[in-house]
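Following are the structures in question.
Two complexes, one shared chain (chain A), two partners (chain B, chain C).
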Partner chain A sequence: MSKSVQPIDVFARDLPRETRDAVLSSVMTRVAGRKAKLEEDYGDPDALRRLAGEVKQHTLEHLDEYLEQAEAALLKNGAKVHFASTAEDAREQVLAILNENGSKRVVKSKSMVTEEIHLNDYLEKNGVECVETDLGEFIIQIDEDTPSHIVQPIIHKNRRQVAESFEEHGLGEYNDDPQTITRRARKHLREKYLQSDAGMTGANFVSAESGRLVVVTNEGNARFGMAANGLHIALVGIEKVVPRDKDLGLFLNLLGRSATAQQLTVYTQFIKGPRSAEQPSGPEQMHVIFLDNGRSKVLASKERDILRCIRCGACLNVCPVYRQTSGHGYRAVYGGPVGAVLSPLLAGDDFPKYADLPKASSLCGACNEVCPVNIPIPELLLRLRSRANQEGIKSAGSPPMAPFAKLATSPKLWRTAMTASKAMNHLPITMMPVKPLQAWLKIRTLPKWSGGEFRRWMKERGRN
Partner chain B sequence: MSQTKSRPAGRKVLLMATCLSDVFFADMAKATVEVLEAVGCEVIFPEAQTCCGQPAFNSGDFPAAEKIGRYTAEVFAGDLPVIVPSGSCAAMHFHGSQLLFEDKADTEEVESLAGRTWELFDFLVNGLGVKQWAGTLNKKIALHHSCHTRGSDTGAAMETLLSSIEGVELVEVGTPEQCCGFGGTFSVTFPHLSGEIGQVKLDSVLEQSPDLLVSADMSCLMHMGGLAEKQNKNIETRHAVQVLRDVGLKQR
Partner chain C sequence: MKNDEDTVKLAVKEALLGLGERAVLPEYDSALLLSARHKGSEQDGWTEFAENFSAVSGKPMQEVTDLVEFLKEGGFGKGYCDPELKQAVGEVLVEAGLQVSYEFDHQRVDDYVFGITKASGVIAESGTVILNDEDTVDRLAALAPWVHVAVLTDQKKVFANIPQAIENLGGSSNVIWVTGPSKTADIEGILIEGVHGPGVQICLRIGEGK
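== the complex of A and B ==
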């Protein structure tokens, strides 16, 4: 009997079928939609992905300059700009801004970076109510759950579960009709908007040229949150900067199609600064907090390409491993292929804690194929595997390869091994600590042994 | 990944049979020799060959992989095309080695090997210009495009030759982007994931009730075939080159 030893493998094994099926059916629809939409609209969608990748890579390689430009532009537009080097700094900065304004009720639109710094818990502990206004995130919040997908946070739930949860939280008696659920959430959230005294968003992009923040939603919730009050705080990863306004067309066209098979997300907001003569509506105050939280270190590493990511989730949808685990299998804020690279890197000194994640991949390359910024994810996974190996981080299932290398560079030994009846014992899969042959044979058969036969045949032919 | 450099494509070739041929798939390696000879190639089999080094590379043991990579480059030294009946092993030569040997000195031999390596079907169709395979086979074939041939010309080449055979019906398999779940050592270190991923793929294949499941990579077929057999599901697996050989070797 074989036994799983990898946490993510155990997680997948124990994941309820119902959850897995919810994830699987949802991602399959997205994968098909993405492909159809890109092919319908562009003659060569791959050229677009490559171009976007190059623009992002260029930006990363000059990030210091572009960040300065973005800061200067935002200041000129009347926004206040802050830099947070750690999650803790960012949390404190948000709280300080709220305290200065006497704000106690925050409405928040969906933002992975606020998940990353665990902002909600912190604000609640400090007496600030923080309400998620994206429907999926709202459901996550009332369930005290965590998102399992970058774009579809509740991909692991079905409507029955949501209806049960709404009933439990006093949002109406059981009804699993999606429209009813949405209407109830909307009614509840409208009150929250009206009571709020600050709106928080992330940003999908920041133009260094103009300081414009771009925030996309499908529910209009970011806009609503800003319309209702006078204080807007945007928390933005430093890698969100792009050089020029005109680059935004490229990225927005790719983002909507890659994420949700939409030509454009329903609401695309461009926010240049606080209310001014030029911009007569919106909050009077705008604060932009640029978050590092380990990104500078990633930038200095050979895995820096991962910072191109625009959080579309296409790599999650297409990943055969993600399809079996949901994002929760990755034990971190970011799941799927991008998470398997980003989580160990952002963990800093805790790298060993996540060093198993880059191994949880068959290196099939589907992620790279769909990535709108062409991130070579399999290559980055390999680099991280190599790093774990170099740092001597022991994790389950790392086969010792030195004996195999010895065998594979000694032709006589190799031939003997391959033709001997015990040859299976020399293959790398049998050298691993999980009783691999049994692991294989538990669910599969092995083909008939023909060790040495081909070499004999070639020799015979040589003689004739 | 596709290769950009132009590669040598003469009819005198070196064969890298792959380690799986050494152990399990002697017949596939024989078929490779016979098919290459049928189109006029002289096939040289360097006896000292072992493995492309991918198991060590994918495990993150780059020093071990480097050792094997250098050894293999030495075994296949020279200027002849190197033909590999596996998209995966071929990709290790021309793609994996770029990462493995970045920042390394003395890489002329590995670069030379990378620049001369062809996956078998890419070589037949795009290297030699063989676009027709004479013969008849009244079978419904489900093609599995292995992950390591993504972005390469192998898939289209395989389709060109198989569809030129009279009587062959090629059928689309659902979830075309999805891996078979093998992934080398992944299949045993992540046994549950590997099995479930394979099952998704296998179900898509069985939906088409093909007579044959065909691929340019024996390892994927070993995985899907092994899963199917364990479940007493009847699916015959063949490497595409075995199909060509079985259809007939009188090609000129």
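== the complex of A and C ==
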């Protein structure tokens, strides 16, 4: 492997054309939709992004207090609260709750955190059927695949591949019409809901003030999972807490628009506790498991800002590296720019295994600019790169970025480059102003240069 | 069951020990969150709701006769109606020749093509219907049928915007905001309506003070 080629590049090179095309066309639509929606509704959404970032940062830095508050509120509402240190603990707790209730059939709505702890396999091994109900996740499950995007798990598949899977799994003859596929899934999964005896969800947010768990879906699958059976288990990362109900408004407005260009996701559930006494459908028991699994270590690190993430997927969509590789290139549950920071950190002692991921970035700054909670992802990537260097971890492909960094940190040089920046959108690779980038860019593409934000970031960085 | 409460809480406490000054909670006016499209008091709340609800493929209605016509035209011949809406809605449908049941049988949820239940409010700014556990006679009745009709009877429950609706979440253990029919774009980004929940979402406004 040549010096500036990383494992992710090899993955990208070998990625079938069909997959790359599927990813690319999907992310392009999402990028355009997100931008249009935010601009139409807010003009410049920057003030809101910064505010949301500050609220989340504050919460993280007071997480000890907010966790206590959230727990107390949930208990008051009649929910049961558990804490799990590791993935293994969480899996065991889920199984124990199911066993206590004699539950053998679980319907699950999309949740990255259950992916993170590899819950499905574990439950299956222990005699519990666990069915994914989000259409994309369901397809992932029958294909024994893994999601390649936080919001759109099957972004790497086209309709023909989905139709083949349906045929193979006895869900009807080959038909690649998305509507037919969706109706078949509706029918199949409806039976699963009605036979289920427990529903599992994650949570997008938890209000410490009221204990309300917020769960959003477009398909209505989380709602169905919480209407068709009597037991609700929510597995929630400890970083999902926000201070007040008021803040839910802030985050919901940003999440829908950033993830799917919607003002609000179709079904936004505010769940305080078990169903009310008069309600004939839904869980009589609600269990919330707060999961650490490495998060407290991330909280202790200088890269704690990454825990602000609300999993909107916007940074994946704009990332030139993600676009070439899909999420699978990152070899971890969380891919894209957020994953390049989070996955090595969550890996704990296995950090060296993922130490190359922070290098899978052109540091173009696009991820920071779209992030609804304003996470300085490029800065965090640089920190992790230097951590890998300090720890003497050898992994392939660190592009020699020093001249680029010099350019970026010198206001005068940078301003000059900025003036010429529009031209960079049209420059052939060989004319890129920074030498090492030329070689590196042969196998990558930069997103359209928009400038400005990145410079501010570098300036702030210089101050710290 | 093993509960790691102390371990997790201690780990979080310790993680924060080294922090110097901790970030303060910024105070902000929720007016910041309002969409530039939001008309606020310039327009009556229902009209704004109706526009925004239509924009997300919802169907706003103000007359039971419109509902009758829609159900008949669509061939949605039988369904369920909350007994409390029997007089105002159910009987009108029956008179028009539609089959209406006032009991929702969990054993045959797929037999109901439409489900008529009460709305707990609407949000004008986002075109959202609010349902809560107290007003929704049965969660499944509002979810399983292909057509869901949420009936708004209390005109005071037209909330101007999202912050106002959040302030009024109330004590219900379960509140759900429904902004259009159930949908997905999982396959090649192509929009399909009616995944697990209703493919048609109606909001019917009836009663005094419309």
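We adopt the following convention: the second predicted complex is superposed on the first by the 386 of 464 C-alpha atoms of A that agree within 3 Å, B and C clash if a C-alpha of one lies under 4 Å from a C-alpha of the other, contacts with A are read in each partner's own complex, and residues count from 1 in each chain.
Criterion: contacts are C-beta pairs under 8 Å (C-beta built on N, C-alpha and C of every residue); 3 or more make two chains touch, one makes a residue touch a chain.
Predicted model, so just to flag it, every value in this text is computed and none were measured.
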Next item on the list: Examine A:259 and indicate which partner it touches, taking first as chain B and second as chain C; both and neither are also allowed.
Entry: neither
Note to self: Applying the document's definition of touch, where does A:8 land relative to chain B and chain C: first, second, both, or neither?
What the structure shows: first
Note to self: If we overlay the two complexes on their shared chain A, which of chain B and chain C does A:300 touch? Say first, second, both or neither.
What the structure shows: second
Notebook entry, point to check: In the superposed model, does chain B or chain C contact more residues of chain A?
Noted result: C
Notebook entry, point to check: Taking the superposition as given, does A:321 touch the first partner, chain B, the second, chain C, both, or neither?
Noted result: first
Next item on the list: Quick one: classify A:206 as touching chain B (first), chain C (second), both or neither.
Entry: neither
Note to self: Show me the residue ranges of chain A that touch chain C in the complex, using the header's touch definition.
What the structure shows: 22, 25-26, 29-30, 40-43, 47-48, 51, 54-55, 57-59, 61-64, 67-68, 77-78, 82-85, 89, 92-93, 96-97, 100, 133-136, 139, 152-154, 157-159, 162, 178-179, 181-183, 185-186, 189-190, 193-194, 210, 212, 218-221, 223-224, 226-228, 238, 243, 245-246, 248-250, 252-253, 260, 262-276, 278-282, 290, 292, 296-297, 299-300, 304
Check: In the complex formed with chain A, which residues of chain C make contact?
Finding: 1-5, 7-9, 11-16, 18-19, 22-26, 28, 30, 32-33, 35-37, 52, 56, 104, 106, 109-110, 125-128, 133-134, 136, 138-140, 143-144, 162-163, 166-167, 169, 172-190, 192, 194-198
Margin query: Residue numbers of chain B touching chain A in their complex, please.
Written below: 17, 19, 21-27, 29-30, 33, 45, 47-51, 53, 55-65, 67-68, 71, 75, 99, 147-148, 150-151, 175, 177-179, 181-198, 200, 222-223, 225-227, 229-230
Item checked: Complex contact set, residues of chain A against chain B -> 2, 4-6, 8-10, 12-13, 24, 28, 31, 318, 320-321, 323-325, 358-366, 369-370, 379, 382-390, 396-399, 401-402, 404-405, 407-409, 411, 414-415, 418, 423-424, 427-429, 432, 434, 436, 439-440, 442-455, 457-458, 461
